[in-house]
Structures are given as C-alpha cells and as structure tokens.
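First subunit A sits with subunit B, and in the next complex the same chain sits with subunit C.
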Partner chain A sequence: MNEIATIATPQAIPPTLRQPLARLLLSLADDEFILGYWDSEWTGVAPILEEDVACSSIAQDEIGHARLFYEETAAIIGTTADQLAYGRQPAEYRQAQLVERNRGNWAFTIARQYLYDTADNVRLKAFKDSAYLPLAQDVSKIQREEVYHLMHTATWLDRLANTHATNNTPDNTAHALLTAALESLWPDAIGLFEPFEDEELLLEAGILSRSSKQLEQEWLESIEATFGRARLPFPFIEVAPASDTIQQAIPYVYQPTIQPRYGGRQGQHVQDFMELWEQMTMVYRLDPQAQW
Partner chain B sequence: MQQASKGATLQDAGDDVFEVFQQDLKRDNAPHHGGNLRAPDTELAVHYAREFYGRRQESDRLWIIARTQLWEIQDTAYPVAHPLSEACYQQARYQQPQPDQTAHEQAVIFAVFGQQVAGKPMEWLYDLPAPLNLAEATQQLTTGRVLSDVPYPARLWLCPRESIIELNNTDLLHPPLDRSYRRLDGYNIRDKLRTARQRSSSEHNQTTEGVEFTTEQQRGQSS
Partner chain C sequence: MPTTIDEEQVWEALKEVPDPELPAISVIDMGIVRRVQIDPQTSSIVIDITPTFAGCPALDRIQTDIKARLRAFASQITVNITMQEPWNTDMLSAEARQKLHSVGIAPPPMMGHGKAIPLLMGHPLTCPYCGSQQTTLENVFGPTPCRAIAYCDSCHQPFEQFKPV
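Showing the complex of A and B:
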C-alpha cells in the first residue's frame, strides 16, 4: 500500500484515471440521490408522524451526500452538481438497480434500506483508505450520519421481523411482507457490488482499496447472522474458494443461489427509474440555463 | 428496560406516548421538559427523541420517560397524585385509561419535576432520598414536607428513577460532523433578492408605460 501515490486534488489525477474515477463518484452520488428521492416520498405518509420526520431527515441526509459526491465529480469533469443531478439522460446515471425500484410498502422500504445501509457501511469504510484524498475526506464527513441511518433501519427490521413479539398473539403479517420484499430485492441487492467500470485501473491506483467482489463478501459476512436470527431469506451457500483466486486464506465464499441482476453501473435501468427521472428532472429540463 | 407495549394502539390509552426532557449542559442546570412523542416501543422512542430534540446538537442529555410512568400532583396543598396520562386525557376529554397500579405499591426512588418559574417548562428538581411507594411520596411532597431545603412548586411530576431512559451518547448527540459540505457556496440569498427586486421593479415600469401607451392609442382612436 505504501508504494501507492496519493492524489490530493482533481488536477493531479492522471488522464487515464479521470473517467473511471468520475464514473465511480457518480455511482456513489446516484445511489444516494435516487434512494434519497424515494425516502422523501414518505414525507406525510409514513406509518406514524415521528417516523415521517425521521424518514424525511434521512432523505435529506442522502441527498446531501449525493450533492457532495456530485461536486467532487463536477470538479473532475468540469461541470456543476445540478447539471449532473438533473441534466443527464437516464442511461448516463450509474446507480445500482436496487435503489431504482418504487418505494413500495413500508416493509419493502425497510428491507431495501437495510440492504443498502449495511452495504454502504462496508463500502464507505473501504473508501476511507482511498488514494484519492478528496474521496477519503468526504467519506469521513458523512460516515457518522450513515451510522445513524443504519441504527434506525436495523431497529425497524428487528421490529418487523417480529424479534420483539410483544403480545400473546404474534402477528406474522409484517414478517411475511418483509420476507416477500427481501425475496424480490436480493437479486438487485447483489447488484450493489457490480464491479465499477474500469475497476482494475482504480484498484491499481489505490483509489479502490478492495475489489467489489471482496466488499460483497465482507458485506454478506456482516449481515448473515441478522438474517439467520430473524428467519429472513439469505440466498447464499458457502463454498470453498476457487483454487485460482488469490484469496487462498479465506475458508469459504458466499455464492448466491439466485441469479443476481447487474447493469445499473453500466447505465441499464428499470422502468420505475424512467418514471422517476421524468418527474425529478421536469423542472430542470424546462430551462437548463435558468439561474435560481 | 421496561416493556413499553401492552398491545398499545393509537386509539387506546396513550401507552405509546413518551415525555422527553432535554439538557444543554452549557445553559441548563437540569433536564427540562421538551415535549412528547409517540413511539411503538422504547427503542424507537430513543431514536425519535434524538431526531426531535437532539438533531441540531441542542442537547447533551435526553431523558425519555413513558407517560404511563409519570404521576402528576396538580396542587401540592393536597396529597393527591394522578397518572399523568389520566390528567392529559381528562383535558383532551378522551376516555380515561386504566392507571398502571404496579408502581403505586412498590417502594422506589422517585424523581421529582416541577415548574420553577411560571411560563417555563417542568424541570427535574431532585430525587427523593429514600425508596417510597407512590402514596408515601405524594404525602411527603404535599402535606408532609419533611424536606426543608428543597423547593415545593404547586405542580409536580414524579416518576420512578429507574423508568428514566437516559441518552447522553456523544456519538449520537454531538457527532463531530463537518457539515460545511452542505453549505450552498456561491448562493447568496441577499444578492438573489436584490436581483429579483430590480427585475420586478423594471417589469413594473414597463407595465406602467404599456398602460399609458394603450390609453393614448385609445384616445387617438376615439377622437
């Protein structure tokens, strides 16, 4: 690690890394931005007023984080955060498909948020070691807020999974809804760790300290126990690592028993996102030159 | 931690209401009443309390107390304590809930809250020095007045000390957040307002000229 030179400013990025790094930052920004948009839809209609406020506050945080990453990207490719957030065609967005789906019911929202927050937690930790110093610094700014999001979501997941069955007639509706939501979400969730474009270049330069595959494994290890305890679907089997991998030291790897859905990082998106895009960019597209 | 839920729903006795006390160590001598919130259990109550009373780093310490654990002495001239939920529901003219009898009998250390200054919120005054049941505590705080050196405001709240959930985790209440990234650099609201005023006044002038023009034209037509 010590031989890797750090990059302190956007100007210092070698030309070959410019595009891959910009795309990486866009992926992070778009994930937060789109998820924040769906979270903000709970304003006014969350299960209880208190949750309404909590959800809106989390949405505000996510969109704030997106703005930070958009600004980092804008500094590299010479544009503005607004132009990146609202001025791109759908195929130019780089978020994972997990965050694109409609907010769904409350169990769906919590299930998705839990998958996302736990994955984001692993990802952000890894970025703290990034050779691109602006990224490492940004991550340390937002990580504390993400810790709180995760606590909030974990509490709700526990609650819906009935770990806290309260009265004598346990109601399984919440557990059933949560299970159904997770079953539909798992293929997309694995897509969160779809490799970034030109990931080898980013790894070589130390901008990524670990590969997406490694992060995916770390993430699954961090949540397996929770899913087991709450009797929730965890569609993976543990297999011996392939002999040609470098990671001989680890005893097993998680291998999905379902077909993961990839594509978000290459600009392939689902219909829900097309509709969201129409709506969220509507005002911007009326007059992209407007001064606000 | 006590079990918050006895099958509480939003329709019934208000078992899901929590009273929140907050303290900013630089300004406040004691935790004072901030308000209340509804939560399905104590864990979420703590989350929401942080969200409502600590998000802007305004509190160093929060006390979260289930309303079912609070009793109110409305007038310290009389040794009568009502469950706070009952007092609230009487005011709201809802059906009276069944008061929780358990803490009446048990001898516990009671925390005492009162209004020190009219118009200010209830604040924590002191804990009673010895374990007492509710009737004894009420007696002592009203007609008994055995403690000579403590204040007895007219209206008091009391709750078992052990039912107070304290949140003083610096990581949650005062995280070392650098929120400068949220500032809108280059966006000066005064400049924006000035530009908008100039634009609207120049539009206004144009409109006035337009009206005059029309009038002259009409005059020309009519003559």
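Showing the complex of A and C:
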C-alpha cells in the first residue's frame, strides 16, 4: 500500500491529477450551484412564509458552497469562479441530472432535496479525509452548515409522508404527491453516484477515499429504513455481492430495479437545464468582460 | 510612508472594521481575522480572513473595508480568504456576544465538541430583551445564514438567535 501524500496547495498537485481533480471539483460545484438556483425559485412563492425564508437561506448556503468549489477549480486551471459559474456552454457543466430538474411542486422539491442532502452527507464525509487539503478544509466548513439542511429536509419528508386530514377522512394527497415525485426522481438520484472520470487515479492518490459505488451503497443503507417507515418507493433489492467486487466484506449490496439515468457528469443535460442556463447566464453573456 | 509598521496598531485598526451585517461588531470580535503579515521593506501587509458562513455575502465588502482602513499603514494591502481551521461560533469573542445581545440577537450557545442541532433546539433560548426563557424557536432559518428566528412569549417581541455552527 503506497503512502498517501497530502497535497497542500494547487501548485503541489501532480500533473496527471490536475484535470481529474478539477473535473471532480467542478462536479461538486455544479451540483450545489444548480440545486441552489432551483431552491431560490421558491422565494416569494413558497407554501408558507417560514418556508420562503428557509428555501432562500438554504439556497444562499448552497451557492456559497458552490462558490468555494468554483474557487478551488479556478485555482487549479487558472480562471475565475465567475467564468466557471456563468461562462461555460451547457455541455460543459457536470452536475447530476437530479439537481437540474425544475423545482416542481413542494413534494417534488422535498423529495429531490432529501435524496440529494442524504447522498451529499455521505459524499462529504468521504471527502473530509481527502489528501487534497483545500478540499478537506472546504468540506469541513460545509458540513457544519449542511446539518441544518438535512434536518429541514428530513422533517419535511416525514411531515408530508405522515400527514393525515383533520376531518377523519383519509387524505393521502401529500403522500401520493411525494410518491409520484420519488418515482420520477429515483433514476436521477442513482445518477448522483455515476463514477467520476479517472476515479481510479483519484482513489489511488487519496483524493477520493471511497469509490462512487461504495458511497452509493452507504447512502442507500442510510436511508432505507426511513423509506420503509414512510411507505415510500425504494426501488432496490438486496443481492449477494459479486465475487470480483470490493464489496465482498459485506453481506449484500443494493441493486436497482429501475434503469438509472446517467450522463450528467459527461455533460448530458435535460431540457430544464437548458432553460435554466439561458436565464442564469443571460446577464453575464451580455458582457463577459464587465466589472461588477 | 513609515519605514516600520507596528503590528499592534494594525490589529487595533482592524477593530474599527465592522461586520457589514452586524455593524456593532468588528471583524476582530467576530473572530474572522486569522493572520497579519507585515513586510516593511516592500511596505505591504497581508491579512488572512476566514468566512463565518461559506455563503456569506459580506466577504467582498469586508475585504474592501479592510483594505481601506489599512491604507494609511502601507502601500500594498492584500486580503486573502483562508479555509484553514474553519470558523465556528465558539470563535466569537466575549465582547461580540455582549454586543450581539445588546442589539437584540441572542448569542449562540458554546459548542465545544457538542452538536449544533441539539444545542439550538434542545435547550430553551434566552430572550435578549427581557431575559426570559419562555421563548419559541419559530424558524431555524432566518434573514441571514447565521441567524434563526425566535419569539419571546414573555415580552412579546421577536428576536434573532445566532445559530451554533
């Protein structure tokens, strides 16, 4: 086992790792940025005033997290955070398709946020020990803020899944909407753990401490019970791990019973993102050289 | 320009740079100034600061304000953002806590190795106006990333609660 060397600055990154690391950071940045944008679309129109405040505050955090990651990427490839956030063509963005869907109705937003926050929670824990020190430091900060997001989203999932009408007639509208939202989102959610480009290189260097496949399994393990209790769709079966995989040490793996939707990390995006991109880059594109 | 730059004076000057969103409190009180490096040869000062929250929109303004305040000391002022040893609410000075209290913001509980959510939600909040603990947490989220919204049932005033982070 090679000893993993800490990489303390962008200048210290070995040449073969520069592009893979930059692409990894860009994926993290784009995930947070696009999700933050959709969350901010509730400002002024959330179902209750307190959620108007909550969504706006959460969106602000997410865009702040995106900024951290864009700054890290910019430091490696020699550009600016603004140029990365607004100056790329749609096919150059690397977010998972889960975050680029239009915010939809409230149940859709909560379902998507729950899937994302729980997955991000697992992902961030793995980055906390990254050999790339700037990433580990950023993540340490981000985690402290994410606890509030996770609590918010878990509370709302529970509330929507367990709401009953007050007039003694069973009204499972909230539960039905949540179920429908999850059914449409699960294929995208699996796409969150689409392996990163050059993942092996990043693992060897200790920049990633666990593979996307491992993280995906940890994530599913962490949420299965919640979905079971709430009687919400969880489209996976437990199977014995394949003998040639690194998951031999565990008794079972989750296998999806649905077709995952990959492609986000390769720059393949859905129509919702095209519309979002038009809108969010419009001002920047009018004059990319402008000083603000 | 002076040929020596007194570090003590630089730190004193920084006490006059306010947090743009909490003007009663300085960047020193907030605990966001990490390092002051002075090079009298090149007449330059480098300040390292760290954000309270990653999404803090005041960061650019703080950088500008620090540069403006220190202009008298050197010809080259640089303000860097560092994420080394990320900011947490325990870094607020005792003065900061007092000043927050005096402007109607309940200071955050000390964290130590504790967890933020139980600290915020598992203990009664203290009204900064009347001192009562007959209070309700209305919203974990508030007007800025750092503040939650609470209400005092005793003196009937809303107040902000600084979130432990």
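Everything below uses one rule, namely that the second predicted complex is superposed on the first by the 282 of 292 C-alpha atoms of A that agree within 3 Å, B and C clash if a C-alpha of one lies under 4 Å from a C-alpha of the other, contacts with A are read in each partner's own complex, and residues count from 1 in each chain.
Just so we're on the same page, contacts are C-beta pairs under 8 Å (C-beta built on N, C-alpha and C of every residue); 3 or more make two chains touch, one makes a residue touch a chain.
What you see is a predicted model; the values in this text were computed from it and never measured.
Superposition model on subunit A: subunit B and subunit C are shown in a clashing arrangement. Of the two partner chains, neither subunit B nor subunit C is touched by A:H269. With both structures placed on the common chain, the touch criterion links A:P134 to subunit C but leaves subunit B unconnected. Judged by the touch definition given at the top, the superposed model places A:I48 against subunit B, while subunit C stays out of reach.
Legend: residue contacts after superposition of the two complexes on their common chain; A:R159 is shown touching subunit B, with no touch to subunit C. After overlaying the two complexes on the shared chain, residue contacts for A:G64 are found with subunit B and with subunit C alike. With both structures placed on the common chain, the touch criterion links A:R103 to neither subunit B nor subunit C. Legend: residue contacts after superposition of the two complexes on their common chain; A:Y148 is shown touching both subunit B and subunit C. Only one of the stretches 98-106, 134-142 or 170-178 in subunit B has C-alpha atoms clashing with subunit C after the fit on chain A, and that stretch is 170-178.
Counting contacts as defined above, subunit A residues 50, 53-54, 57, 64, 67-68, 138, 141-142, 144-145, 147-148, 151-152 meet subunit B in one complex and subunit C in the other. Contact residues on subunit A toward subunit B in their complex (touch as defined above): 48-51, 53-54, 57, 64, 67-68, 71, 138, 141-142, 144-145, 147-148, 151-152, 155-156, 159, 164, 166-167, 292. Put simply, subunit C touches subunit A in their complex at residues 51, 53-57, 83-84, 86-88, 115-117, 138-145, 149, 163, 165.
Across the interface of their complex, subunit C is touched by residues 50, 53-54, 56-58, 60-65, 67-68, 134, 137-138, 140-142, 144-145, 147-148, 151-152 of subunit A.
Interface residues of subunit B, counted against subunit A in their complex, comprise 3, 5-7, 10, 37-41, 43-44, 47-48, 51-52, 55, 171-172, 175-179, 181-182, 192.
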